[in-house]
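In the part that follows, the structures are each spelled out as structure tokens.
Shared chain: chain A. Partners: chain B in the first complex, chain C in the second.
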Partner chain A sequence: MQAHSKLNSASSEALHQEEKGLKPFLKKCKSQRALLLMTIPFVIWVLVFRYLPVWGWTMAFQDFKPARAFAEQEWVGLKHFIFLFQDERFLLVLRNTLAQSVINLILGFVTAIGLAVLINELANMKFKRVIQTISYLPHFLSWVVAAALVSSVLSMDGIINEILLALNLIDSKILFLGVGEYFWGILAASDVWKNVGWNTIIYLAAIAMIDQEQYEAAKIDGASRLQRIRYITIPGMKQVIVILLIMNIGYIIEAGFEAQYLLGNGQNMEYSENIDVFVINYGISMFNFSLATAAGIFKTVISLIFLIAANSFAKKMGQGGLY
Partner chain B sequence: MNILQRKKRNRKFKTREDVIFDTCNVIFMLVLSVIMLYPFLNQIALSLNAASDSVRGGIYLWPRQFTWNNYEYVFSQASIIQGIIVSVARTVVGTALGVLCTAMVAYAIAQEKFIFKKSITIIFIMTMYFNGGLIPTYLLMRDLQLIGTFWVYILPGLISAFNLIIMRSFIEGIPKSIFEQARIDGAGDFRVFFQIVLPLSLPVLATVSLFLAVGQWNQWFDVFLYNSSNASLTTLQYELMKVLQNTATSNADWNSALASGEHTDNSVTPKSIQATMTIVASLPIICVYPFLQKYFVKGMTLGAVK
Partner chain C sequence: MGKKKAAGLAASVLAMSVFAAGCSDDSNASEDGVYTYTFFNASSTGTDVNTADTTIGKMFEEETGVNFDIEHIVGDSNQKIGTMIASGEYPDLLNAQNATNDVIDAGGFVPLNDLIEEHAPNLRKLYDPIWEKMKLEDGNIYILPSGVSNGYIKPPNIGQSAFFIKRAALKEQGYPHPKTIDEYFAIIEEYAKNNPTTEDGAETIPYTLLQYDWHVGQLFDPPAFLSGEQEGIMIDRETLEVNVHHNKEITKTWLGKLNELNDKGLFDRESFTQNYDEYLAKISSGRVVGWFGPRWESGAALDTLELDDDPYNDFMGFPIVFEEGIKDQYLNPESYVTSPGMGLTSGTDEEDQVRIIKFLDHMAKIESQKLITWGIEGETYEVNEEGRFIRTEEQIAQIQEKEFRDEMGLTALGWYWPIMAGVFDDGNSVDPNVQPEVAEMAYDEVDKEFLEAYDIEMFTDIFTEPEPVPYIPFWDAVIETGSEAQLYDQQSRDLIKRSYPDIILADPGAFDSEWEKFKTSFDQLPYEAFEDVIEASVKREAELME
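Here is the complex of A and B:
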């Protein structure tokens, strides 16, 4: 009995010491219970749907069989990663991922900046708005629709073949999506077509921040239209350009998979298959879960390295970073 | 006022260089508009042209033999009607739930005094930088028994970190005094959220709703991944995707069959079906987005600045 009460007092003492930090905390929780009710369900949601799948990375180090329990899976170490880097197909996939990303990045960047500058030069406000609305349109279409449009334009009886024939640039019609070598170009062009208008939004916002007095002053000094673009508009966008460039380099390995998957076919696979499509092909079609996950992990890790590097670079340049 | 005056003055002093530049620029913009719109307009023309006539080629911006046949055929397919129903359902449910949940979390993490403001923000923002990947996510859906259900379209994408940040920035911009006054009057957080914050946030709600609705309507991959064997949960985009994947081969089959007289009914071809479905799948969005331009431009700028 005595021992019991001793224990009791000891534990209540321990509790009392903790209470200094805990009690006000609990009190605060109680007074903010509405805010907690608003967020806790979604914190659980994000932990389950976004964080829990990372646990599945373990299967890259196993010979995963869906029917077996976790404890019964056979551990194989780095076998799948070693297989990937000895697999000629995966090396092609790596090459495609990098090439597609770099081409899309450069082309997407240059075209968006160029278009933003030209849209900004339009004097008629109504015309400007209409052009902007039209240029946003492809962004709102799904990649399925976009792929249908692209493949229709590029088909044997599509407009591109007809124009090239009429201009005598080709002698016979070309099945563009059937030639692997054209794929990176087609992909980049489709991507520009779909997103260039949308990507101007941020640059136009940057241009709108430029002090109009600068243009007036330059005009009085006799600067031509092109000189004003060269020396006022472009430098005025510099900060946004640098931030977006760094951000895009951070996301460079995320070239997406929809366009590649939907425009890809047996004939251009050597050039169209990137890491994401490889994961789909191995994981979903061939049920090789472990190998597909290994490829996915490889991509995520590379992507994280790029992001962290890009971000610390941005911070060093005094651009504030992304997070 | 100032800008207007300046504009007028500018017009007076147009140099020759200005005229050349402006003319070239306008011509460039017109060419660009053609490139942006042509593929789409061409599909409209094809969808309104008799399929047997389209085979001959030469359809550009206007149908040669006008017909509603293709649309009648497309809308008579049970799978497409089912796809439209599911697409509309997921767009409505996904957008409504998504925007409400995002706004709720955004409101909470916009409150200065909230004890978990920082940690919850970080938990959500982290999700922008990594994901579990295709296969682990697939297995999670299987373990949660979401495969083969409608909810696999809604739950995984409920809140995106990007939308959350846009909303938080907007709510943080609402003057604090409005909240304070309501609290002094005895309103709790739920009342402040529903009766004050939501009505004041209409512009950002419109932006995020547009993003969510477009995302839901355009999604096809989750159908392919989780519900490809379940005909009652197909969507319009997925049906179009299946047509697209088959067209290349079936067009040739169809044409040779036509040539050999195998098909007596040549009122539709894979090409005309694809064109018609393309229009049906994109028209709803195209009718909506121009009216929300002001909002999503603002939303994009706000999201990128933060």
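Here is the complex of A and C:
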């Protein structure tokens, strides 16, 4: 990878400082051949798992049947894309995907950064370790287990209903998973519970990189604890936050699949069904691999647009992008 | 040095991947000449087992030198089979449940006609009644279904659909006999009023239904059953015209009844959010008073209830109809199922195919059929002087234990393999539980109390005898991948899943408008394409069976 980025930059402005031509390039390759050799397995990996499958995109333009050879497949042009965009469900599904994603993204960022800052402020090391461990344990649960927990906690006889009743906050029990409007909230909350601890790890690492002398200097200048967080900790994490944000925005169309599939039901379907669930139901389950591929292409294009947009936005804001 | 290491690493990675690829080619034969094959069963969940680890499976292995590793489905069968199709890698034997036609389309199953004619005379004889019907349009037979009909015998207990009601409710109200849906709900209402909680303090659930994944029958099927139709779809006996009923008046009536029930607070509001496990837990908790469905769907829960020491928390099934005068058709007539079933898959060597088909042929012999249904004579059943098969009380108790059935091989080798249904030529029932002598013996004191109260000998005596129809069951019709009919199937399920809860849980004043909203959306679906496919299949089957 190193060699690649070097190559890229060689074709830009930096060009003037370096010698042009094939010879110096080969010379450089020779001097870095150990590095180049080491990248080979990864380049192969990328080619095999990221570029070869792109050939499969041809399926989206066929009525693909697994038993037929490639030459015998029936070509149907944009039929599957048209089906996707004409289906009124698809727009709804798209709305759900984006809404779930955006809510998860914002809530996930705020809570993870918040928790990281709080953990960092803890003075008692033992307590700090305990909190960290407890908060990231749920990350290791599979969604199948997590969803079963969530649905039993939220059931009519579940603990949430009992607590709300005991506190006189509600008059009668609420069927949380039966009300579509609650679904996005439930999903986001479950996601935070499951992943917040795990997501703090990278922020804690970023905080650890901040020079302790800055804190000491601020202390001498009489900065309060909150001021130190605001003027030192948060700005110190900024670079990491921006990079993660750009990367996550690239995944905005991937709102996840398991949680929605497992917690979804007829009553909350208007809010729970997202692109991945739709693709399972109308693509894979119906053996319509072509439709599933068409939806996959659509997702890739959207992801790419978001990624490029977020990156150039970050650059304009003076934060330096991913590339 | 550094370079060499790096190059060595890259080389070893490559070498390992080549090695791993080379190893995946395995052989079925073991040292002692016994062949082990794989059988993936997408129609059933259960414990994975090798047939030779069971008593009967071991006997078969000794005869044929073949045993099977049976794997069961976990999760959604269409997804699992979809992956198999996409990869082109199949187990040796496959039961692909709903996806059977898709595997055939993808060339995953091999034609069995010649294999059977050449190597399997017993199998050929077993399947003779439906041999022609098993052939697809291309003239080939790809799958062997279970339950090949050999004469009709009325089952003593309900295995299929009925409206079930808790025995305690019937006893409390002096054994009423509900015939219409209103009478049925009235009993539930009365009981729920008198017993708001169960003995251990949990709230009573008057009426619940299951609506999860492919378990949709509890909500979809009642309109047809309540109006005296068979099998949950409307088929005109004379013209064989097929109609879906979801947008018809009968469905509106049924949903209206549930809407009323909900308004009275008798309908379980968790019906549409509970999953299969939660539903089973609910039924087995004894809190539920009534539900509709086939017995097998709730079987795991009902068996628990039957084995505990409260005989009044068991359920009794009734053939409920909309109005007095409608003839109920809940019991299945003699049926000729052709799908799903097991098939040999492509990619299995010809020699292996022959070995497998010979194993199946051994299984199709009458004595083997008696082994996989009744077990071993003298151990799990006796034969009396008249040649009737009977079971002693100890044998019945023994066979009720799952562990015993598992060890014997009755779970691993029964249904899903080539197996007869109905009666053996000697007059004994194929299914021991349907044999009157066994069923009678299995009735306990409380069973007898109810039989006496309703003045019947068997629990199915309150059901009308089924009229024989050649095209039953209709659900094995071939629906082509990518067709409009297939699209309808998925779209209608989704629409119904979304809409019925709104209709049922609506305020009674809003019921009509919710129904109209659903009907408008439903009428836009290509349901006629679906009706055409079913109708064509029904007509073809009617013709073949003549």
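Observations
Going forward, the second predicted complex is superposed on the first by the 251 of 323 C-alpha atoms of A that agree within 3 Å, B and C clash if a C-alpha of one lies under 4 Å from a C-alpha of the other, contacts with A are read in each partner's own complex, and residues count from 1 in each chain.
Simple rule for what comes next: contacts are C-beta pairs under 8 Å (C-beta built on N, C-alpha and C of every residue); 3 or more make two chains touch, one makes a residue touch a chain.
In this text the structure is predicted, and so the values were computed from the model without any measurement.
When the shared chain is aligned, no partner comes close enough to touch A:86: not chain B, not chain C. In the superposition on chain A, contact is made by A:289 with both chain B and chain C. Touch criterion met: A:269 reaches chain C, while chain B stays clear of it. In the superposed model, A:304 makes contact with chain B only, not with chain C. Applying the stated contact rule after C-alpha superposition, one finds that A:34 touches each of chain B and chain C. Within the superposed three-chain model, A:59 lies in touch with chain B and out of touch with chain C [touch as defined at top].
Contact with both chain B and chain C is seen for A:151 once the two complexes are overlaid on the shared chain. Of the two partner chains placed by superposition, only chain C is touched by A:281; chain B is not. Once chain A of one complex is fitted onto chain A of the other, the partner contacts of A:168 are absent, as it touches neither chain B nor chain C.
Chain A uses residues 34, 37-38, 66, 151, 265, 280, 284, 289 to touch chain B in one structure and chain C in the other. Within the complex formed with chain A, the residues of chain B that make contact are 3, 6-7, 10-11, 17-18, 21-22, 25-26, 28-29, 32-33, 35-40, 42-43, 57, 60, 101, 104-105, 107-109, 111, 113-116, 120, 123-125, 127, 129-140, 144, 155-156, 158-159, 188-190, 193, 214, 217-221, 225, 237, 240-241, 244, 247-248, 271, 274-275, 278, 281-282, 285-286, 289-290, 293, 297, 300-301, 304. Chain A contributes residues 33-34, 37-38, 40-41, 63, 65-67, 89, 151, 155-156, 175, 177-178, 265-270, 280-282, 284-289 to its touches with chain C in the complex. Contact residues of chain C toward chain A in the complex are 2-3, 6-7, 9-10, 13, 76, 78-79, 82, 85-86, 88, 99, 102, 105-108, 211-212, 269-270, 272-273, 275, 278, 481-482, 486-487, 490, 494, 497-498, 500-501.
For chain A in complex with chain B, the touching residues are 25, 28-29, 32, 34-39, 42-43, 45-57, 59, 66, 115, 118-119, 121-123, 127, 129, 131-138, 140-145, 147-153, 157, 159, 193, 197-198, 201-202, 205, 212, 216, 224-226, 258, 262, 265, 276, 279-280, 283-284, 289, 292-293, 296-297, 300, 303-304, 307, 323.
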